[in-house]
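Letters A, B, C, D, E and F name the chains as they come in the text, with residue numbers starting at 1 for each one.
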Amino acid sequence: MGLSEILRANLLSPIPLAFALGVVAKLVRSEFTLPRDIYTGLSIYLLFSLGLKGGVELAHASPASIAWPAAATLLLGCITPITTYLVLRRLGRFGVADSAGIAAHYGSVSAVTYIAAMSFTKAVGADAEGFMPTLLALLESPGIHIALAIGAVKTASPDRAVGHVLHEVLTGRTMVLLVGGLVIGALMGEKGWTAIETFYDPKGAVFKGALTLFILEMGVVAGSRLGDLRKVGPFLLGFGIIMPILHGALGVWLGHLAGLSVGGATVLGAMAASASYIAAPPAVRITLPDANPTYYLTAALAITFPFNILLGIPLYYEMARWLAG
Amino acid sequence: MGLSEILRANLLSPIPLAFALGVVAKLVRSEFTLPRDIYTGLSIYLLFSLGLKGGVELAHASPASIAWPAAATLLLGCITPITTYLVLRRLGRFGVADSAGIAAHYGSVSAVTYIAAMSFTKAVGADAEGFMPTLLALLESPGIHIALAIGAVKTASPDRAVGHVLHEVLTGRTMVLLVGGLVIGALMGEKGWTAIETFYDPKGAVFKGALTLFILEMGVVAGSRLGDLRKVGPFLLGFGIIMPILHGALGVWLGHLAGLSVGGATVLGAMAASASYIAAPPAVRITLPDANPTYYLTAALAITFPFNILLGIPLYYEMARWLAG
Amino acid sequence: MGLSEILRANLLSPIPLAFALGVVAKLVRSEFTLPRDIYTGLSIYLLFSLGLKGGVELAHASPASIAWPAAATLLLGCITPITTYLVLRRLGRFGVADSAGIAAHYGSVSAVTYIAAMSFTKAVGADAEGFMPTLLALLESPGIHIALAIGAVKTASPDRAVGHVLHEVLTGRTMVLLVGGLVIGALMGEKGWTAIETFYDPKGAVFKGALTLFILEMGVVAGSRLGDLRKVGPFLLGFGIIMPILHGALGVWLGHLAGLSVGGATVLGAMAASASYIAAPPAVRITLPDANPTYYLTAALAITFPFNILLGIPLYYEMARWLAG
Amino acid sequence: MHTTTLNLVTIIAEPVLEEMLTRELRQMGARGFTVTESRGEGSRGIRASDVPGQNIRIEVIVAPAVVPAILAHVSTHYFPQYAVIAFVQAVEVVRGEKYI
Amino acid sequence: MHTTTLNLVTIIAEPVLEEMLTRELRQMGARGFTVTESRGEGSRGIRASDVPGQNIRIEVIVAPAVVPAILAHVSTHYFPQYAVIAFVQAVEVVRGEKYI
Amino acid sequence: MHTTTLNLVTIIAEPVLEEMLTRELRQMGARGFTVTESRGEGSRGIRASDVPGQNIRIEVIVAPAVVPAILAHVSTHYFPQYAVIAFVQAVEVVRGEKYI
């Protein structure tokens, strides 16, 4: 189908619609919100599902087939925080702390954007490789570490916390559930998996249903940041859309070189284009207190995330198709 | 099957049994209770499910087929709060605040009673129309607004809050999830729905299972109000049973006139007969501080709700069958 | 299959793996943890599922077939707290309070160990009787009552609380959900059950999936107690492994005499071998303040529970097979 | 360390009153407030939430001059009809100007 | 605004003690109490909940005359064996009679 | 009932600071602390959590001698860049030695 149909189909899929509902709820000043523990519980469930399924697939995959994609992912984890930092510092004239803080977000990855990309590729019949969750785990922390390192070096920041914070990122919820899930999934094998598949399968209705509720709340959170869009200024607005496109293109291209399918390259592009809003914010808040949270939270949550799930992913898909010729 | 069998089948279905268990737990002074966030999470899930499924059905329904039922529903939303107010004020000799406060509850609707009616009609093989959730959304707020307006006019109540409160009702959890769900459901269409059906289908096991837990907790809450039954006096006790029957009959009749099936008329009757205990209480507490919460909470939760799910719904069904001749 | 394969299959099943992940997360000093309300909500769901399914099965079972197994279970509920008390007091030279406190834990039962035993027996094709949940409910409280009675008699303990505490145990979450579920399950029958089976069936994917998350958190909790292993001393370490084996053997043997199948005897053995960590701790803390919680919590959670799900259950299964000849 | 003596007013109230109370406190001169979920019992058991006894605990640091107005307000608008209590303490704060 | 000076006794304790403590406080003359969930660390790490460090924070406003009895009670019945602390402050309240 | 007069320092801060603050408080001589989840508003709305306005409320009972050090520490390390406030009160405690 053509781009326009693809876009339309994507916009009318549950993920963007649930996100829009959350935003609208905030716009009409509704007090609706998902209880915090439910929100956390859903994110735990979603991440663990990704890990488990990824582990089951990993057991099948040949090391060779993963090696290059893994290398490409790590490379993205090193490049994207630096490009982000330089663009903001040089072109955007942002301070060191703000530039490094935002770089930590864009150097990491958004699991929900990843999920949206996976279901998009499936919907258009271009399934990504089964080992993608492994790449998701690989992309989570390097970018944050590099960005915080840049920040620590460039600022006379009180490093009383840095070491502790890096450890927190490495042992955070996302890593425990993704990596832990990968190991469990790989060890328990098909037999163990089939017994819990209906509950944990990322392609199943339970996962998709829970995801819809989670994204509804993400919409509420993003909606509460819309007011800040004015505060962040035009440069960051543009940055929040153009940077993902550049990182997305880079991700798709590296994925292509690494031998990923069209679907796989699309998802890797979406991962590179996405910005973390779970692991990065607290880490940045503690190590770069001078970085303004309004900047990095608004850019990641209220600009880049919606752009990716609404338009970015189909765009990266087109890029991947074009590269695949 | 005959009424007695229907009653027996209804009493032995999960909903009344779970409610009874909750009440019994309270009677034996058990400290069992569902964590508050879980309770809220479940209600969010249940309401969103109703909205989504209703939206999918709505996409199929012809405007014509809904017009009259919708009109009938709105009419009920205007009549029931007034009848409630007059009965309490004139016959019951209740004060203005108490009468208006209780009217706000009985003028609105209980989503769980609606769900119980839907599964009852399905069980007896008289499925209600697919667009019923739309009617549920329509009946939610008018009654509250009218009752509070009566209260504001009749009392020299500090209206410093009324406007704000009406807005809260219109943008409350129920409305966001029902209306928002309806829109999403209608937009995503069959394709989007089938991907999440197992999770959200109100006729499915996940929905019914979650509902059972939710009602178990409702039983606990109602059980903690049994002690108040003595406080509310004989009139309110009778009111909590007779008023629903009258409103139920009116709802069934209007539903019948509006062209609803036997199942649809039964459900509309149950909606009219039910009393809200989610949206109404806080609204009344703020705008009518002189209204005694013990009255409206006990009547709605400990009298009318159990009556409807145990005996009321089968009764409304008999009325509908009788009208359908 | 041989014991080694059985062990291996058991170790690589989701339950032990999820538990291990939780422990490892704590070992790497991760701050990961399931929100408390989610943890509570999951335990409520799991217990209610066991009760409902057990009730459905109970409706089929003949009183005769349950009588002896029930008697055997109650007997275990009277013996195990006393053996525990004597072993700790005489051999272990523990104080009265500590001995009675730990006895209250080992005299009761761990629902998760029960579930692990049920799914183990199913996995090896030796399904246990359908009425096992009834036995689980029977074993919950007698042991706690007896142990606390011993403690109250032997110490000049302020009995200002004992009566109240015993009531709390009898009306606690576990009893409400298990007994209540049994009654509801028995009353609603097959028809009611099939409507919610996918959600509540303990052999289904939803139950198993939720269980995995619950056990992941149990691993975290147990992991946070590993440091205490040093504090409890060598005797309690050995006790936490040898006592279960003895109680397990006793349970298997009594189950065999009571006419249970190999699977049923295995599960009864696991129940007898297990130690409660939900109902017992608060009861002991209030009535036996001199008992050191570090002892009973560490023994039950960090020693006996892992031992049972990793090695104990397969062992009890071998015993049962051997007895069955 | 230079500190200033101000007043900490604690208001325990039914949850439905949170938004109204905090808005009014700001109007009466509070520069901020802290809300904590709590539960409790008192002379009057009534609540409009189906979680009986659920309360909110609002803490607000203000200049002593503002206290009488706050107490008068809650006394007239809330004490008669709602389950609400309020109490005042003296507290030492740094950056006293922040709260005035 | 007429206010009365009373005492606010705050007791931080293990969750299992909530029901017993609040019941006893009422018996000792408290007209009400407020409970807040909290967590903490102190000299004694032991807890009987598998959520280590979970605590409850009980606040009770009473007449000064009642304070010694409360402190004596918690000192003898709870301090030795449970993770419990208590501290007292003076507070100004409206409707002083409400608490006595 | 013999009691000692000590100081209760209450710090309201962004959640991300909890571990750092409690560790530093212990280093400065606190024998324990109590943390309560809360939410609030103040002059500075910024937060690094996507739950805006979520706060923690740290209570620590210490000897008066320790208070200046604590206030100085939060003033220099936290007030400039974080949403943090602190206030001090006098409290009567039993077992005064427990906190020193």
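The working rule: contacts are C-beta pairs under 8 Å (C-beta built on N, C-alpha and C of every residue); 3 or more make two chains touch, one makes a residue touch a chain.
The structure presented is a predicted model; accordingly, all values stated were derived computationally and were not measured.
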Discussion item. Can you tell me which chain lies farthest from chain A, using the average of the Cα atoms as each chain's centre?
Written reply: E
Practice prompt. Have a look at A-B versus A-F and report the one with more C-beta pairs in contact.
Written response: A-B
Discussion item. Need the most distant chain from chain F, centre defined as the mean of C-alpha atoms.
Written reply: B
Worksheet entry | Shared interface numbering between chain F and chain D [over half = same, under half = different] | different
Worksheet item: What whole-Å value do you get for the distance between chain A and chain C if each is reduced to the mean of its CA atoms?
Response: 41
Item to complete: Please work out the Cα centroid separation of chain E and chain F, and write it as a whole number of Å.
Response: 20
Worksheet item: Where the CA atoms of chain B average out and where those of chain D average out, how many Å apart are those spots?
Response: 35
Item to complete: Among the residues of chain D, pick out those that touch two or more other chains and give their numbers.
Response: 36-37, 89
Practice prompt. Please list all residues of chain B that touch 2 or more other chains.
Written response: 35-38, 206
Worksheet item: Which chains touch which?
Response: A-B, A-C, A-F, B-C, B-D, C-E, D-E, D-F, E-F
Fill in: Residue ranges of chain A in contact with chain B within the complex
12-14, 17-18, 21, 24-25, 28-32, 34-38, 204-206, 208-210, 212-213, 216
Worksheet item: Which residues of chain D touch chain E in the complex?
Response: 12, 36-43, 55, 57, 67-68, 71-72, 74-75, 79, 85-89
Discussion item. Applying the document's contact rule, which stretches of chain B touch chain A when the two form their complex?
Written reply: 35-38, 40-41, 44-45, 48, 167-168, 171-173, 175-177, 180, 183-184, 187-189, 192, 195-200, 206
Worksheet item: What residues of chain D sit close enough to touch chain F in their complex?
Response: 1, 3, 6, 8, 22, 31-37, 61, 89-95, 98
Discussion item. With touch defined as at the start, can you tell me which chain B residues reach chain D in the complex?
Written reply: 36, 158, 160-161, 164, 221, 224, 277, 281-282, 284-286, 289-290, 292-294, 297, 301
